[in-house]
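Chains here go by letter, A, B, C, D, E, F, G and H, matching the order in which they are written, and residues are numbered from 1 within each.
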Amino acid sequence: MKTNDTVIRFTGIGGQGILFAGKMLAEAALSAGIHPCFAPSYGAEKRGGPSECTVILSHGELPSPCASRSQAAVVMNGASFLREEQRLAGGGIIVVNSSVCGDLKLSRADLSLFPVPASELAEKLKNDRVANVVITGALAELLGAHLGIQLSQEHLVEGLKRTLAGKGDLMAVNTEALTCGQEYARSLASQ
Amino acid sequence: MKDQVELVSGNRAVASGALDAGCRMYFGYPITPQTEIAEYMSAVLPEMNGVFLQAESELAAINMVYGAAGAGRRVMTTSSSPGISLMMEGLSYLATAELPCVIVNVMRGGPGLGNIAPAQGDYFQAVKGGGHGDYRTPVLAPWSVQEIYDLTRTAFDLADRWRNPVFILFDGLLGTMMEPLRTREPIPERAAPSWATTGIFAHGANDRAPRSIYTLHMPEGALTEVNRRLQAKYREIAREEVRYDEHFTGDAEILVVAYGSVARSALQAVRVARQQGRKVGLFRPVSLWPFPEEALHALSEKVRKILVAEMSSGQMLEDVRLAAAPSCKIDFLGAMGGELIYPGTILSRLQEE
Amino acid sequence: MAVLFSRPQSLTDTPFRYCPGCHHGLAHRLVAEALDELNLREKAVGIASVGCSVYTNEFFNCDTQQAAHGRAPAVATAVKRARPECFVFTYQGDGDLASIGMAETIHAAARGENISIIFINNACYGMTGGQMAPTTLPEQKTTTSPLGREAAREGNPVDMMKLLDALEGPAYLSRVVLTSPGKQAAAKKSILRAFRAQMKGLGFSLVEILSACPSNWRMTPVEALHYVDEVMAKYYPPGEVRVAKEVLEG
Amino acid sequence: MVEIDTERCKGCGLCVEACPRKILALSTEFNKAGHHPAVLLDPDRCIYCLACARLCPDLAITISKEAETV
Amino acid sequence: MKDQVELVSGNRAVASGALDAGCRMYFGYPITPQTEIAEYMSAVLPEMNGVFLQAESELAAINMVYGAAGAGRRVMTTSSSPGISLMMEGLSYLATAELPCVIVNVMRGGPGLGNIAPAQGDYFQAVKGGGHGDYRTPVLAPWSVQEIYDLTRTAFDLADRWRNPVFILFDGLLGTMMEPLRTREPIPERAAPSWATTGIFAHGANDRAPRSIYTLHMPEGALTEVNRRLQAKYREIAREEVRYDEHFTGDAEILVVAYGSVARSALQAVRVARQQGRKVGLFRPVSLWPFPEEALHALSEKVRKILVAEMSSGQMLEDVRLAAAPSCKIDFLGAMGGELIYPGTILSRLQEE
Amino acid sequence: MAVLFSRPQSLTDTPFRYCPGCHHGLAHRLVAEALDELNLREKAVGIASVGCSVYTNEFFNCDTQQAAHGRAPAVATAVKRARPECFVFTYQGDGDLASIGMAETIHAAARGENISIIFINNACYGMTGGQMAPTTLPEQKTTTSPLGREAAREGNPVDMMKLLDALEGPAYLSRVVLTSPGKQAAAKKSILRAFRAQMKGLGFSLVEILSACPSNWRMTPVEALHYVDEVMAKYYPPGEVRVAKEVLEG
Amino acid sequence: MKTNDTVIRFTGIGGQGILFAGKMLAEAALSAGIHPCFAPSYGAEKRGGPSECTVILSHGELPSPCASRSQAAVVMNGASFLREEQRLAGGGIIVVNSSVCGDLKLSRADLSLFPVPASELAEKLKNDRVANVVITGALAELLGAHLGIQLSQEHLVEGLKRTLAGKGDLMAVNTEALTCGQEYARSLASQ
Amino acid sequence: MVEIDTERCKGCGLCVEACPRKILALSTEFNKAGHHPAVLLDPDRCIYCLACARLCPDLAITISKEAETV
C-alpha cells in the first residue's frame, strides 16, 4: 500500500543494539521536524532471540504503526535478509552489515543493496558495540540520497544525544561511529 | 515550562499523564508489555514525595487502589490482560463504593497466558464488565502516544467528576511504541474529596461525622437503591461523556469502525482509498463505554456498509451491531492472538466493493 | 455519681449484630478503649473485613473502609501510605486473614507496613455458617469438616503467630484471650502496645484474639467461653511473641 | 449501680457466669428481641468488681457509684 | 433404583447432579447462598472415595480445577458472584487449555459485596467473558430444581464433548428453594481422556509421549492458530448446543423473554394473561451462550413486542436486541440488588398493552 | 567408551531458552537426574509456573501442566489428589512462589500436601526484566527498586525457609546452591530427599535453590556465580531446615 | 394475581423453627402428590433476625417461587402480622401464635384470623420448641377446611418424618404436637 | 573425552571457570547463535573431574572415557 510515509525496518539479534539504532533515527527525525513513530517488537527470550524494530517517518499525519511494506531495511544479521527483502516496497534500499552477513545477493531488481562492514568499521573505532551506530550513519546518508529524507549531521548527533540520555561519556565514540558510517555510505555512492 | 516535544513510549505517556494530573500514588505488579510504567514510576515517585509500591499481586494492587482512593488520593494501577482479570472482584468493589481511580490495561494476546503481542481481546471485559453485578466504568481508548497522555489526564478528571473507576484500554503496540509527545502544564494533586476517609481530624473543626467506604448493603431495598443511583449515574455518563473521532465521513458510503492502533491502520487505508476515489470514512470510538451509539447510528443511516476492524474475534462488533441502523450491512475484519491488522488488509477489504 | 464502667467513645451507639455471647463484641470494646486511651479516634481509619465483623464500620466511631474478603491488609497498606498521619488498623477474622487473605497478610507483615491488625481467631467461618478455617483445631467438626479435621485430609491448623514470627517486618505480635477481666487486661495491654508500635512508626503489629463463636461451635455462650480457655488456648498458647524493644521504650 | 440495658441484652449469661457474688441471673421474661435479659438479684451484695460489665459482649451493663464512696 | 422423588434445594440438586454424572472431585470456598453445595460434598465425597477440598480461596479453587481437569478427572467448583469474579484469570486459562470442567455461579446481589439476595447481574461476566481474551464457555440457565440437576449432568457431558469449561448460572432463590427432584441412574466417572496428564505409566504400554497442558503460545502465529481453532469450536458449539424453551408462543403477539427464576414468574404471568385472552407467550433461553438467536429472531418476526424481564439492569437485553428483528419493539423490565420480579409485575406490563 | 557425564533421560533434547550462565539449566539437570535415579519420570507430572521457567514443560520429558502465575501449588494439590499414584512436583520462581503465589504456597505447605516443590530463588523477576522480588536482598537495585531495596520503602526480604518452617505440614525443607560440583552433590541429595518424602507419603517437601540471573543482575555469568556464594548465600544460608525423620528411614 | 397455586407464608424470628415448619408442610404436600415449592429467605444475621419462608402448592405446573400474594399465613411473632395481613389475597387465612402475639385484630374483612396458642400448647407437651409443629398442624387442618388442600394425618406424619430425617427420637413429641395443633384447629371450627 | 556441543554452548564461561586444570577457554569464533563457544585446549591434561560438565547450564558438555580405563 502506497503512502507518503517512509518505513524503515531494523533487524538483527538481541544484543546488537537494534532498538538503539531505531530509536536514534527516530530521535534524529524528530529533531529535524519529521513525525517519527518507533515500534519495537520483542521475543520472549531475554537475550539472543531475534530483535526488530520499525521506524516510520511521516509528514504531519499519524501513520499506522503496522507497516507491512518498508522503504528501507537495515539488516544486522543474515538470518532476516530474505524476509526484509520481501517486505521492501519497489525502489527500496537495504543496508546490510556485511561484516556479519557476508556476501548477500538481491533476488529483486527493484531494490538497491548497500553492504556496509559495520562491525569491522566499529572495531577500527576500538568499540565493537557501535556497529549499530555506524550502520545507522550509513542509512541516514542513503535515506537522503535515495528516499529524499534529509537528516543533517546536526540532527543525527542530536538523535544520538537523546538516545544516549545520561550516558554522556559514550557520545564521543558514537559520534565518531556515526560519521564513519556516513562517510562510508558517501564513498559507496561515489563508487 | 513543559512545552517540549519528547519521543516517548505509550507506557511512558501513561506515567507522565498520571503524574501531570497530580497522581502521586501507584500500585502495580510487573507484567509485559507494560512493566515500563511501573519501572518509571518507581524511579520518579519517591523523588516527588509520592508512593510507588510494587504490590505482591494484581489482586493486592487493585485493593491498594481501593484503599488509597478511599483515602482521597489520586491513584492508578496498570497491568496487562491476565493481571487485569485478577482485578475483577476489586473493580466491582471500586465501582460500588464509587471510588475514583484509573486502571490501565495494555492488552496482550490471550486468552490464557497467551503471548505478549498486541491484541484487543479484552474489550468485553472492560466494556461489559468482567466483574460481578451491574456496574460500568468509562473506558477510554487512545490511538497515539499523545492521546494516551491526554486521555490519561482526562481519565483522572472523569474519575473524580463521576466518582467512578475509569479504564484506559490500548494494545501493547501502543504501549511500547514511541512517538513525539507534547506534555501540558502539570497540575498539583487535588484536595481530598468530601467523602474520603482521611481521619476525622483532617477536617478543620474536627467535628465531622465518621465516614465509611463500603459495599455491603443488607437492609431490604438498600442495594436496589444503590443500583438505581448507580444506573442513574451511568445514564448521565452515557449522555455526557461520549467521545469519538471521524475522518472523511462526510460523504462516505463505506465506514470503517476501529479503535486504538487498528484505527491508525484504518485511517491509512482510508486515506489511500480516498486517493483512489473511493468514498470511505473512518469512525473511531474514543470512549468504548459509553459507546458513541447515536453518532454511529446517524452515520450508519447514511452509509451502505460498515467494516468493523478489531484485533479480536469480534467484541466491539457487538456494540456496532447494537448501534447501527438495521439497514446497514456490517462486515468484520478480525485478528487474534497478537496478529496485527495492516492498512493493506483493510484497504483490500475496502477495494472488494 | 461516678461512672465506673461505660461505653467507650470510640464505639457508636449502634447495638452489635453479633450472636449472644459472641466475643466480637468484647474485642470491639477493647479496641475502642485502646483508641480512646491513646486519643486515636479522630485520626483512625479502621478497615473492616468480610466476616461477621463486616459491619465493624457501623460500630467504630471513626472513619472506616470495608475491604474485600481477605484484602484488608492491602487496603490498610494503601490507606497508611496515602495518609501517613492517620492511624490505620484492620479488624479481620481467621478465614479472612489466614485463608483467602494469607498472601496480603504475610506481605504486609514482611514489608513491615506501619499498620495494626486485630485478628479474631474463632477457629471457623462464622458468617457463612461455621465452615472449616485454617485455624480450625485438629478433630474439630465443622460443616465442611464433618468428620472432624484430620491432617491427612484437611491439613494442619495454621498458627499465625509462629508464621508471622518467621518474618522480620513485625514489630509487635501477641495472642490473647478475653475470657476473664484479668485476661482482658492483658489483652488490652497487647492492643495498646500494638497501637503504640504504629504510633512510633515501628512497623507491623498484630494481636490475635482467641474468640468464641457459640453459634457455630454449637455451644452455649458459657460453654464456648470455657472452650476458649480449656481447648483453644491449649493449642494456641496466648502470650507476646514479638516485642520490638522500641515498643517498650519512652 | 449496675444498670442492665435489657433491650441490648441478648441473654448470653456471660455476666451471670462472671459475677463472683452470683447475684446476676437471667430473667424468665423476654425482651423485644426475644431474649431473656440479665437481672441483678441483689444489688446490695455487689462489690463493684465490674466483671459482669467486662464480660458483656453487648455492652449492656453500665456501672456507676455514688461519688463519695468511690 | 434411584427413581424416587425427593424434596431438595437447588444447591443440593447441583451436588447430586454432579455426583450422578460421575464427578468425584470438588474444590470450593464458602460463600452464601451456595455454601450448602460444599457442605454436602464434604459429607459425601469422602465416603465415595472422592476428593472434597476446601480451597484457601476461589482463586486457588479455580486453579485446583485446572489441575484436576488437566489430570483427566471430572471436576466442579461452585461459588457466588464475588467469588466467581476471583476466578476470571483461571477461567481464561481453562478455556485456553481446553479443560472440561463445570463452574456454578449461584448469583447474589451485586456489585461489590452487595448482599445475599437473588440476582442475575453476572450475565455479562458469564456470557461475554469476564476474563481476558477471546474465549467462550457454554452457559446453562436452569429454572427449577429438577432442571438444575438435569443441566448439571448435561454440563459435564458438554464439557467433555467440547473440551471446554461449562458454566451453570442461576440465582440464589433457585439455589436455596426446595422442590421435588427425580434423580436418574448415576453413572460412574468416565476414563481419563487421551490428552490428560496422568503420568506416562498410566498408558498401558508406557510408550506414549509426554503430554502437556499449557496456555503460552509464543512462536509467531501460534496463538493466532489456537484462537482460530477455539473460534471454530465455538462456532460449532453455537450451532449444536442451542437450548431454549417456549410456552404459548404459537400465536403470541407479545413475547416475554426471561431465564432462570424470572422465567417462572413470567410463565405464571403469561398463563394468567392467556386466561384473560391475551396473546402472549414466553421464550426462555436455556443456554445463554450459545444464545438462541435464530429461534428468537424467528419469533421476533411474528410478534409485535418483546418484553425482556431480568434481575439486572439489562444484560441479556443486549443479546435479545442483537437477535431480534429490527421491526420488533423491545421493552425491558429490570430489577437489581436482590429485588425480585413478581408474576404480578410482569402481568401488569402485559396488560399495559 | 563409558559415558561419564551425559544428559539425563528425564530431559528432552530441546535446548534451554535461558540466558547464558543462567542457573535454571543447572537446576533442571539436577531435577531430571533425581527423576531418573528414583525412576519417577513415567509417573511424574511436573507443574511449570510463570517466569523464565514457563517453558519447563518443553524441557522435562514427562507429563506437565503450566499453571497460572503463582498458582502452581494449587494446581499440584489437585493433580496429586486426582492421581495419587503420580509423582507431582512444581518448578517455581521466587516472584511466582513468594509474591503472587504466597497464599497457595503457604496453604499447600500447611495442609502438608504430598507434593514436591523446586523453588528457584534468583532474587528478582527474571522473565519480566529484573523487577524486585520478595527475595530481593537489602540494598539490591532492581528496575523497580532503583534506589536499592530499603526496608522502610520496599520492605524486608522474605526468607521462605524460615516461613515454611513455622508450619507443621512440611516433611522436608532445604536450601541449596549449585555453584560447584560439591554443592551440586549436596543439592542433589536434597532433591532426592524431597522426592523421597513424597514417595513415602510424608507430605510437603520443598528445595530452595539460590540461583544466578546474570542478565538482570547485570553481571557476567562468572560474576553471578560468585555473587550467589558470596552475597546471596550469606543472607540466605544453605542447609536442611526440616527433615522429618521418616525421610531418612528405610 | 390469581393463579391455581396456594401460597403459604411462614414468618417469625430466627430460632422459632419457621423453616422447619415450611419444609414439613412442603414434604407433607409432596407425599400427598401435590407439587410443593419451598423458598426460604434469610437475613444476614445468624440468629435473632426475621425469618421467613414461602411454600407454594401447585397442581402439576411449575409455579413462580416469587409470590407477592399469599392464600395463607402463619405468624409466629407479632412483628410481621401487619405485613402478612396486607400480603394475603382475599379469602385468605392467617394463623397466629397467640401465645406470643397476644390479641391481634384483622383490619380486613375478607380474611379469616385463627389464633392458636401454639407456645402454650407446646409447653403442655413439655417441649416449647415444638410450637412450630403445633401451629403447622393447625394450619394443615385449616387449609383443608378453607382452601381445599387436603393433607391427611398420614401425609403430615410422613412430612414430619422426612423433615426430621435422622433425628428419629424426636418423632414422638412432634407427632403429638402435630395432632395437638390439628385438634385445636378443629375445636376452633366447631366453636 | 570431553565433547562440547558448540551449537548448544552459550559461551557463558562457567566451564572455563570450573576447570581445575584451566584447559578450557572461550573461542574467538561465533557459533550460529552468535556466542563464543567453549573449547578444550589441552585434552590430555583433563582429569575427568566432570566439573565443566556439571557447571554447564546448557548441558553442552558430554564426557566419556575408554571403557578399560574407567
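Keep in mind that, in the parts below, a contact is a pair of C-beta atoms (placed from the backbone, for glycine too) under 8 Å apart; a residue touches a chain by one contact, two chains touch by 3 or more.
Keep in mind it's a predicted model, so treat the numbers as computed, not measured.
**Student:** On the document's contact criterion, could you list the chains that touch chain D and likewise touch chain H?
**Tutor:** Chains touching both chain D and chain H: none.
**Student:** In how few steps can one go from chain B to chain C if every step must land on a touching chain?
**Tutor:** Tracing touching chains, the least step count from chain B to chain C comes to 1.
**Student:** So which chains count as neighbours of both chain C and chain F?
**Tutor:** Neighbours common to chain C and chain F are B, E.
**Student:** Counting C-beta pairs in contact, which comes out ahead: C-E or E-G?
**Tutor:** E-G
**Student:** Among the chains, which one keeps its Cα centre farthest from the Cα centre of chain E?
**Tutor:** Taking each chain's C-alpha mean as its centre, the farthest from chain E is H.
**Student:** Quick one: chain C and chain D, Cα centre-to-centre, how many Å?
**Tutor:** Measuring from centre to centre gives 26 Å for this pair.
**Student:** Using Cα averages as centroids, what's the distance between chain D and chain F in whole Å?
**Tutor:** 59
**Student:** What whole-Å value do you get for the distance between chain B and chain F if each is reduced to the mean of its CA atoms?
**Tutor:** The answer is 38 Å.
**Student:** Distance from the CA centroid of chain A to that of chain C, rounded to the nearest Å?
**Tutor:** Here chain A and chain C have centroids separated by 63 Å.
**Student:** By the touch rule stated above, which residues of chain G touch at least two different other chains?
**Tutor:** In chain G, the residues touching two or more other chains are 44, 48.
**Student:** Among the residues of chain F, which ones contact at least 2 other chains?
**Tutor:** As it turns out, chain F has residues touching two or more other chains at 19-20, 54, 66, 68, 99-100, 102-103, 107, 127, 129, 134, 154.
**Student:** Which positions in chain E are in touch with at least two other chains?
**Tutor:** 32, 56-57, 59, 82, 89, 93, 97, 113, 115-117, 214-216, 218
**Student:** List the residues on chain F that touch chain E in their complex, please.
**Tutor:** Checking each residue of chain F against chain E gives 12, 41-45, 47-48, 54-55, 57-58, 60-68, 71, 74-79, 81-83, 85-87, 103-104, 107.
**Student:** So in the complex, which bits of chain E are touching chain B?
**Tutor:** It comes out as residues 59, 81-82, 84-86, 88-89, 92-93, 95-97, 107, 109-117, 119, 121-122, 124-125, 128-135, 214-218, 221-228, 230-231, 312-313, 315, 318, 321-322, 326, 335-339.
**Student:** For the complex, give me every residue of chain H touching chain F.
**Tutor:** Chain H reaches chain F through residues 1, 8, 10-14, 16-18, 35, 48-51, 53-59, 61-67, 70.
**Student:** Which residues, counting only chain E, touch chain C once they are in their complex?
**Tutor:** 29-32, 35, 38-39, 42-43, 46, 52, 54, 56-59, 82, 113
**Student:** Would you tell me which residues of chain B are touching chain A in their complex?
**Tutor:** Within the complex, chain B contacts chain A at residues 5, 7, 32-33, 115-117, 143-144, 173-174, 176-180, 261, 264-265, 267-269, 271-272, 340-344, 347.
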